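Two complexes come next, and they have one chain in common, chain A, joined by chain B in the first and chain C in the second.
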Partner chain A sequence: MFLIYVLVPIFQSIWISFHDWDGLGAKEWIGLQNYVELMDDDTFYVSLHNNVLWLVLYLLSIPAGLAVALFLNQTVTGIRLYKSLFFFPFVISQVVVGLMFTWFYAPNFGLFSQSIEWLTGTQVAVLADERYVTYAIIVAGLWPQTAYCMILYLTGLNNINTEQVEAARMDGAKGFKLLWYIILPQLAPATFIAMVVTVIGSLRSFDLVSIMTAGGPYGSSQVLSYFMYEQALSEYGFRMGYGAAIAVVLFLIMMVFISLFIVRMLSQERNA
Partner chain B sequence: MFPTPIQKASPLVRSGYKVMLPIALFLWLLPLIGVALTSVRPAGDLAAGNYFGIPSGFAGFENYSAVFQNSPIGYYILNSFKVTIPTVIGAVALSCLTGFALAVYKFKSNLFLFFLFVAGNFIPFQILMVPVRDLTLKMGFYDTTMGLVLFHVAFQTGFCTLFMRNFIKGLPFALIESARVEGVSEWQIFRHIVLPLMRPAIAALSVLVFTFVWNDYFWATVLVQGQHAMPVTAGLNALNGQWVAAWHLVSAGSIVAALPPVAMFFLMQKHFIAGLTLGATKG
Partner chain C sequence: MTFFKSLTGLALGAALFSTTAFAGEIVLNSNHSDPAPKKAMEDLIADFQAAHPGITVKWNNFDHEGYKSAIRNFLTADAPDVVAWFAGNRMEPFVTAGLFEDVTDVWDANGLNEQLKSAASAMTIDGKKWGVPYTYYQWGIYYRKDIFAEQGIEPPKTWAEFLAACEKLKAAGITPITIGTKALWPTGGWFDYLNLRVNGYEFHMELTAGKVPYTDPRVRATFEKWGELVNAGYFLESHAAIDWQDAIPQMVQGKAAMYLMGNFAVATMKDGGLTEDQIGFMQFPEITPGIPMAEDAPTDTFHIASGAKNKDDAKKFLAFVASPEAQAKMNATLGQLPVNNQAQKPEDVFLQQGFDMLSNAYALAQFYDRDANAEMAKAGMEAFQEFMVKPDRLDAILERLEKVRARVYN
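And now, the complex of A and B:
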């Protein structure tokens, strides 16, 4: 089943990407033409650029998650409830998150635009502004992702070797130094998982873009995954071949990270 | 423990921390709180520009019942359950078997197969979109909950197998060995020895898969078109289009749609977090 639904379609997609196909009629072999067209497509570069932005900014959720985890890693009454409430955003559907932030950003009455107006005196409709729109969406994405990284780090902090920490304290290590030299190395596995999940999440980003702006205004918040969806399956036409070509590009980018992950797992298996 | 336990800090810092906690939480959940407040706000408040003040009255029930009466959201939620529950059962059952096979038996392509599952798990699903849609159409499952279930089971099996295999690997292998020596059949070993030990993993996976599938939006838009099979995530977005500016209704709808996974999370918190972090702490 996994074979039919996941593995075979990968190759089918690559195959389709060499065709001109509307999803119904006959496929027409056009070789690399889809890719050539892609190279000339401005939207493609916008998407690529935005994907890189996503990738880089999305990684902020890792230090942010660590910070929140450190903040919450205490034992006071009710802390368990706090931890779960902080984790909340991750459990909520991205659709709901998207709607919430759309409302949060909404011009005139959104909490965000009101505070901006209060601070600077001018209104900014972030989701309708080409300059800010991608950042605004990424912030919405960071919200649940930070929660996820936080949980990973909280668990990691729980399993830290206390003797080592005490020993380091004896030697006079404190604060940031202690964190950097003693704690972080012990959190490496958590960091690794957080990296993998965040990178993949950032490349897959679709839901938020689709909900919040549908790639607009003027395609300025496009990302590869939404771009391909739009080309292959929407009112813009059923250009399956072209869409598949975009997906292949995305796949190749992702493959770099997947291979890294697998190489690491492989070495772990050997050691185990 | 790191950072230093707050109990050792001065009383000033300690009470400062206790004050900070709720403030931080409030800021963190601000978008959510805003939406929750809006969902109980009477429509008149919004028209009057009272977006953030105290609601002039409590209209929670009106808004929520309006959502259920004026939109097919109840139907969407039912669809979501129709997709989610069979998927959870299917994916978890399948991955128990595959995980067991990959963890216990040594065969040539074992590691290769395992990595296939892992890689499949991380693939950008956009690359599957066109062929999977085509396949679903050809099988006649397009626009049905069945089509979504089949795909989700297949896709989630990748992640579940990875999870199960690592979990079974962690079980004491001697148990299986000794059963084998006693002449217990492989199937019996699986059923009577391994399966009971897997209970926590099964619980953790079920909650996780439930949340993932419930929250899926991409496949819901790709494989479903009409109302009759649309899960609540896609349905909510459709409603958002219809109710432009009726934010009190959109908010109420959002809250309703978010409720099942949230409830699941609170009920099964321990398992949920164990599931997410498995592998993050060891290795």
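And now, the complex of A and C:
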């Protein structure tokens, strides 16, 4: 299965990226021309820039998830209710998240634009403004991602060695110091998984862009994965070769991170 | 064991499905998933089978959007006999890839060259006909009659009158023109009409066929007229965040007065609560005096796949779809216009206005994204949206379009 559905398509994509092909007629070998064109394509740089933004800002979900997890890791009556409320955004589909935030931002009736109008007197349609649009989508993406990181940390917190915490308490450690020197090191595995999931999640951001803006206005919220879809498979696309070239670039970027993670994992195993 | 059995059953079923083509049966794939089109198709198929008792139609109905990518797969892998599609350059890739059948003989044998005259050029590539049109609808400006009356505005016939009307509406605190450009294509309507009125049909066709550079001064002239509206703030603000349907409440609530759209918008306006006396329809005003008025009228079509197994019966089906009776009945259900000029006139008041306008039109364009090559259309409409938000970037926009045109059409 892995061979047929994962490995073979990778090499097929690389192969197609050297061709000019509309999915109907014969493939035409054009060598590196797709890549040359990509280097000269403004949308490619916009997507790349936005992907970096996604990568950096998406990481905010890790400290945010930790904060929420610490807050929820108390024994107060009704905490289960709060937990499920915070858990909620992770359960619903990304498409629904996208739609909810689209309404939230919508000019004239959206809660967000209403409050902005109340505060500043003018409306800002964030999804129609090239300056804000990517940030607005990332905020929507952070919502479920924070919930995800929170879950990872909650599981981690369950496995904290209570004896160590007690010992530290006896030595007079409190608050931030306790968190930094005793709790966080024990949460390192959870942090690692959260990093991996978040980095890869940010690079394959697609659903929210597709639902909220379709890459617009005029391509300013493009990311590589949506750009690839649009070029290769959408109504106005069907440039399989060009789409494949974008996919290969995205694949290479992902490989950098995945290799970093694997190297780290291996070195940890060796030390253990 | 039962699991295995059902699996083989599934496989068998799939095998049967893919080879359904005995004599007397035609397989029809189409995208008539919305309620009205679905009903129209059901009636059409029933009538066809009644008229040709020896033939049964096996209909695979696809969802509207998914069809656009599905058609590429089934045409190459396992072709049905008849497929629904669109006229103009939208059918060009399938024609050049040899996936559509030449149906010039159907046109000649049934007198269609005369009866379907208005759409003939849109169905012709290399001097041959590649399908049969069955429906189209008009584009134009829908406006709030009551608001126009309140403000003392007559439906404008010239560009100067149009600008004056916009100014008057704006002064009264009403957005003159509503539009939602999130899905990009509504911008294409504005470009089409401005270009058709500033430079004429022939130039517009040359441009969408990639024969004229976008840096041509005549293209710039079109954008300058557009800029007069954009810079004066006559369009709905933040249009880039909303879809075409979301622009209609503005009109229903009386906050906006005009909407350049296809006739399908009327149904949504009525759903929103507007009555027939509140909605008016007018032809896009004249800009360059003396240029004959051409209109946008996107046409839907049926084609025969070149890999079809039952071409004889498929041709009978196409001839049936082209007939005045079938077109009149189908379009009465669809709420659109029959292409056949012998067909009975529709009863709807907006369709009658459209019918008269299109019958007297100098020529018909299909719409920017159907006339231009798909890649060009995408870049073009993105550029139109950018222009409507940042009109001062015109030079950069035109240069970028020219870059795309040079690549796409070579």
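Everything that follows uses one rule, which is that the second predicted complex is superposed on the first by the 263 of 272 C-alpha atoms of A that agree within 3 Å, B and C clash if a C-alpha of one lies under 4 Å from a C-alpha of the other, contacts with A are read in each partner's own complex, and residues count from 1 in each chain.
By our rule, a residue touches a chain if its C-beta (ideal position, glycine included) is under 8 Å from a C-beta of that chain, and two chains touch if they have at least 3 such contacts.
Treat the numbers as computed from the prediction; the structure is a model and nothing was measured.
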Touched partner set for A:217, first chain B, second chain C, both or neither: second
Touched partner set for A:244, first chain B, second chain C, both or neither: first
Chain B versus chain C as contact partner of A:89, first or second or both or neither: first
Which superposed partner A:42 touches (first chain B, second chain C, both, neither): second
First (chain B), second (chain C), both or neither touched by A:196: first
Partner chain in contact with A:107 - chain B first, chain C second, else both or neither: second
First, second, both or neither for A:128, with chain B first and chain C second: second
Chain B versus chain C as contact partner of A:233, first or second or both or neither: both
Partner with the higher number of touched chain A residues, chain C or chain B: B
Chain A positions touched by chain B in one structure and by chain C in the second: 23, 233
Complex interface listing, chain B residues touching chain A: 1-3, 5-7, 17-18, 21, 24-25, 28-32, 34-35, 38, 49, 51-52, 94, 111, 115-120, 122-135, 150-151, 153-155, 157-158, 211, 214-215, 217-218, 221-222, 233-234, 236-237, 240, 247, 250-251, 254, 257-258, 261-262, 264-266, 269, 273, 276-277, 279-283
Complex interface listing, chain C residues touching chain A: 65, 68-69, 72, 75-76, 93-94, 96-97, 99, 181-184, 237-242, 246, 369, 374-375, 377-378, 382-383, 385-386, 389, 400, 407
In the complex, chain A residues that touch chain B: 1-2, 4-10, 12-13, 16, 23, 70-71, 73-76, 79, 82, 84-89, 91-97, 99-101, 103-104, 109, 111, 114, 143, 148, 151-152, 155-160, 162, 165, 178-179, 182-183, 189-190, 193-194, 196, 200, 203-204, 206-207, 210-211, 224-225, 228-229, 232-233, 240, 243-244, 246-248, 250-251, 254, 257-258, 261-262, 265-266, 268-269
Complex contact set, residues of chain A against chain C: 22-25, 37, 42, 105-107, 123, 125-128, 130, 213-214, 216-219, 230, 233, 235-239
